[in-house]
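Each of the next two complexes has subunit A plus one more chain, namely subunit B in the first and subunit C in the second.
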Partner chain A sequence: MVKFEARRGRIIIHFFGRKYEWTIEPRYWRNPMIGLVLWLSLPLVLYTVAVVAFDYQPIALMSTLIFANLLIMMAVPYNLQTIGTGRLSFGPHFFLAVGGYTAALLSRDFGLSPALTLPAAFAVGALVALALSPITIISRGVYYVLITLLLPFILGEITYWRSDIFGAETGIPNVELLFPTTGNVTLDVMIFVYVSLAIALVLLFLVDRTLRSRYGFMMGVINEDEDVAQSYGINVRQIKIITFTLTSGAMAICGWFLAHYQGSFSGPVWLMPPFLILVLLTATLGGKGAIYGVVISAYFVATMREITRITFGELSVVVLFLILLLLLYFLREGFWGLYRKRRYREYEPSIKVRKKV
Partner chain B sequence: MLKVSNLTKRFGGIIAVNDVSFEIEKGEIVGLIGPNGAGKSTLINLISGFYFPDRGKIEFNGQDITKKRMNERAKLGIARTFQNPRVISNMTAHMNVLYAILGSNHGKKLSMTEAGAEAIYYLDLFGLLKKRDVLASDLAIYELRLLELARALALKPKLLLIDEAMAGLNPAEAESVSKLINRIRNEFDLTIVWIEHVLKVLMKSAERVLVMHYGKLIADGKPEEVVRKPEVVEAYIGEEEV
Partner chain C sequence: MLAELSLIVAYTFIFGSMYLGMALGFTITTGVLRVFNLAYGAIFLVAVYGTWMFWNDFGLGLPESIVLAIALVALFTYAVYQLIIVRFAELEDYMLAALVAVFVIVEEIIGWAYPEIVGVYVPTTLYDELVPFGEANVPGQYVVTAFVSLALLAIYLLFFTKTKNGFIMRAISQDMFASKLVGVNFNRTFALAMVIASIPPAIIMLLISPIWALNPYIGWSVFTYAILVAVLGGLGNLKGSIMAAYIIGFIQASVGFLLDPRLMLLVSLLVVMFVLIVRPRGLARAETIW
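For the complex of A and B:
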């Protein structure tokens, strides 16, 4: 039985014994379903507008959306890692490459399907992270930054040294695609958009649940003050190791997706600093620890990257980074900070005093 | 309850704590005094697990805890406050206490709602209920001291280590904190080791006083007896030049 009930300021929907309330005034909108519906419908809306209004097959546009989802896949676990370890890593793309190479090698050399390379990529990423996890305990500040920054460079050099295995810049070809092609390029790209969106969504959900759990609370304390966290009885080492391991495994999934999306995997492309900077900018522009802000910033960064690429050609990276730097200067609390400030009663009240003339 | 034997801690060439031994019985309030640099805070840091000793042994309720980390000692029932209040500044007073409960042993059995309600109880106990939604960074020093105590008590400790709870407080505030510490000792059946520079307040509350000087324990006894000892007077005032 479905029944609508209009009350002052809100709508109530009775749906087979369950009751859903909807507040009409936008300032009270807290329902994440709105954001989810908007997000899910974005690719379809953009595609329809491009085809119907401009008679244009928007493959580049869809690729931009995939890149935005890739940034989310990287920046969301990265945010959790930063909170849970209390350290700012400069090597998230290292784990992307680990996942990518694992998936590509297993697919090409052993003929494993994407369904099997997915857990393998996660497991290898997590195991490598577990082996490296003592760095989250023994190093901090610039030492931690340097160690994490060196990891992708070392892996990059290894890919050239053992180009017989990793293929250097050419990468590893003949990786099985995530699904058999339909014959329609636009439809294929659209499916990849939704697959990447689904992965990003799952990661976002898992990270959100973690942050809201008591482990999330413990991570918050570790991020603020490790000594205080220890004095609470929190096993700081254990939480740091678990966080570092699992979030790195999540980043490896991004590499798995890339390998099976492109049908090949070339590490040096992703191990270069520009991609790292884009991930860091996405995480920072999202807002401090704000995982939902990352969604907004990822789409913004990916769109700006495409616009500058088309408009400025060789200078595109320079212009893109300049724009993002300016945004960092003006949006100190990121995109999520903007949203929070506009939320009713969620900003500090201020009193303006007029001077008597 | 607490037995410290031959505890020594060096920082390079400086011996911060030098062969210190003492025992504390359950339910005691023990004052720890001494001039600046005497090694009081280092001793608290050694007992709480913030530092590991170079030599010596710490036993808590008959268990050797010398090599246990701070979080393991907290789980055994040792809570502490810091000389400079270390609260999570961008979180509210309520969140600060709530986080302590969630991290603690007993907090694992509580739901978020129960832990939240318990945090409110501790805030109320220390008169911070009205400040529960205020960011810790916006609290006055007196309130921060109370918040640290509330947070430490929320861990349901058996032994509470207080590192200069009166620092930066005016006499009225210091008196109020002192009364609160006595109250929680009685209500929660606590054993307290309390470092303090405000001797007047400590003399009233402590049943026993340990005096440290240059890392060594130079006196141990009832407050009124200890302050009359020549070596204590000398440590505080200095030796008369001849």
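For the complex of A and C:
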């Protein structure tokens, strides 16, 4: 029925006529699958440990996981946007706010359900990005940084000017929750953890497939040198506009989630520079262009944020940013760089040339 | 209508000169180093809260406190240059992220040490009376700030056109590699440019602090004006910055007095965005600082 067989370098499992193999040597393990299993089981494991070992309802812990997933939702499309446009944007949180306001306004004023506000938030985020997409072609270097840095300020000013619509700092209340409450707060939070994780996972999968596709290679060339990309016959403008539009729409989904998770949406909270820095540092500490590194850095940043909040109180932001700055200082290649150094064979194919003696 | 016109003219001059003073250092840093110093906004905070610290907490006299606060600003800028800009010179994205992080760290430390409830007030008022201008009256301290700003501009222009270090900085801003070939000490000149660029915003902030409501998070809004002027002017070009400062001053004064004061910053931001889309390198191309 079930039989284990040890062969050289691997274990073979016979299970009801089916045969499964497991390679013993860790360097041949299928890392994405292990990572995925660990990631999916993390909330449940943490919850079980907290409840069983410490008799503690870990709502704050679950909220930290949700924040980590939010950072992934932002940083993963942001990485793709940076690669595909060859530009460094300082306005990812602008699109979060666009998505959040769209979802909140449609839900409160028109009574639309979260299932309907999701495509609307994505569409509005993408349309705004499409209207702004010429800047990815016209502006370069620090000018692009500046224009994108001004966008959240403009939206912030609009929210104060039309506070009758956007509610300024109070925000938009009475937004329908993502699902009807179960009556058990911990269970509700756990569902939110898994919904945010699922969104982050879908975005990660889509971005991964894009980067591995023909378009991913073209984006890589654009990121390296636009003139070279043009000379190869790549339609640089088209790829930039599409990348900017779709990744911005993806960031708007993060705003959609926030609005339906919190039951309200307040733009100024998310349009402030500290959140921008968290997104930037998550993307940077993950490793340049390394989308899997973003997952590690997002969980690291969110955990450090919570630890410093508990330990240092009012000075938490100072300590958190000092820690992240030090990491930026000493970890030039980010978390993914550490992994690559250990497993270089998978990423740096080398040709062995035998010398004739 | 005549009173409104007088106010618009007066405040175009006042706002324009004040924003020029705020953006002067930013323009110099960008023009000479070709670095976008996103920690610049922290200078405004260090200047005012540093003065308050020396004056109120250490019990020093106001003039000594101001001198020490400006020295603190210079030290802070030098530290930012050595620890962030030099370190991440080849990695622009890392540098920009690190500079914003430094700004937020300074902001949070000040917010922790001197929360809004403390009521920080630096008595740097030089002229307390109203100044008549046509049909309108404007606060004297605003007029003083505007003239000090213009005086600072004149001093810096003299520095750039008459001194050896000024020539070197202009040479770097014209062609970095050619200036290296003729033996310019880059590290020393960059550090000097950073330090001298930190003084005008510190002085302007000290002068306007009695009029503006101070709080630890005022740095971003003041920095926004500096960014608007520098960007519209063409990043690192003083002639462009002078033009841009008065254009933004005019927009703010007109919108404030004719439309809605709440729209002053929004309209300025939109105009700068529009200009940047039409003229991606600002009003004056940043070929050289002067």
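Basically, the second predicted complex is superposed on the first by the 324 of 357 C-alpha atoms of A that agree within 3 Å, B and C clash if a C-alpha of one lies under 4 Å from a C-alpha of the other, contacts with A are read in each partner's own complex, and residues count from 1 in each chain.
Simple rule for what comes next: contacts are C-beta pairs under 8 Å (C-beta built on N, C-alpha and C of every residue); 3 or more make two chains touch, one makes a residue touch a chain.
The shown structure was predicted, so the numbers you read here are calculated from the model rather than taken from an experiment.
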Partner chain in contact with A:F153 - subunit B first, subunit C second, else both or neither: second
Which superposed partner A:V145 touches (first subunit B, second subunit C, both, neither): second
Touched partner set for A:R214, first subunit B, second subunit C, both or neither: first
Comparison of subunit B and subunit C by subunit A residues contacted: C
Partner chain(s) touched by A:L276 [first = subunit B, second = subunit C, both, neither]: second
Partner chain in contact with A:G17 - subunit B first, subunit C second, else both or neither: neither
Touched partner set for A:E224, first subunit B, second subunit C, both or neither: first
Which of subunit B and subunit C A:I135 touches, first, second, both or neither: second
First (subunit B), second (subunit C), both or neither touched by A:G111: neither
First (subunit B), second (subunit C), both or neither touched by A:F321: second
Interface residues of subunit A shared between complexes with subunit B and subunit C: none
Touching residues on subunit A, where the partner in the complex is subunit C: 82, 88, 90, 134-135, 138-143, 145-147, 149-150, 153-154, 157-158, 160-161, 273-274, 276-277, 280-281, 284, 288, 314-315, 317-318, 321-322, 324-325, 328-329, 332
Residue ranges of subunit B touching subunit A (in the complex, touch as defined): 48-50, 69-71, 74-75, 79-80, 82, 86-91, 98-100, 102-105, 107-108, 112, 152, 155
For the subunit A and subunit B complex, residues of the former touching the latter: 214, 217-218, 220-221, 224-225, 227-236
Subunit C residues within the subunit A interface of the complex: 30, 36, 87, 91-94, 96-98, 100-105, 108-109, 111-112, 220, 224, 227, 231, 235, 260, 262-263, 265-266, 269-270, 272-273, 276-277, 280-282
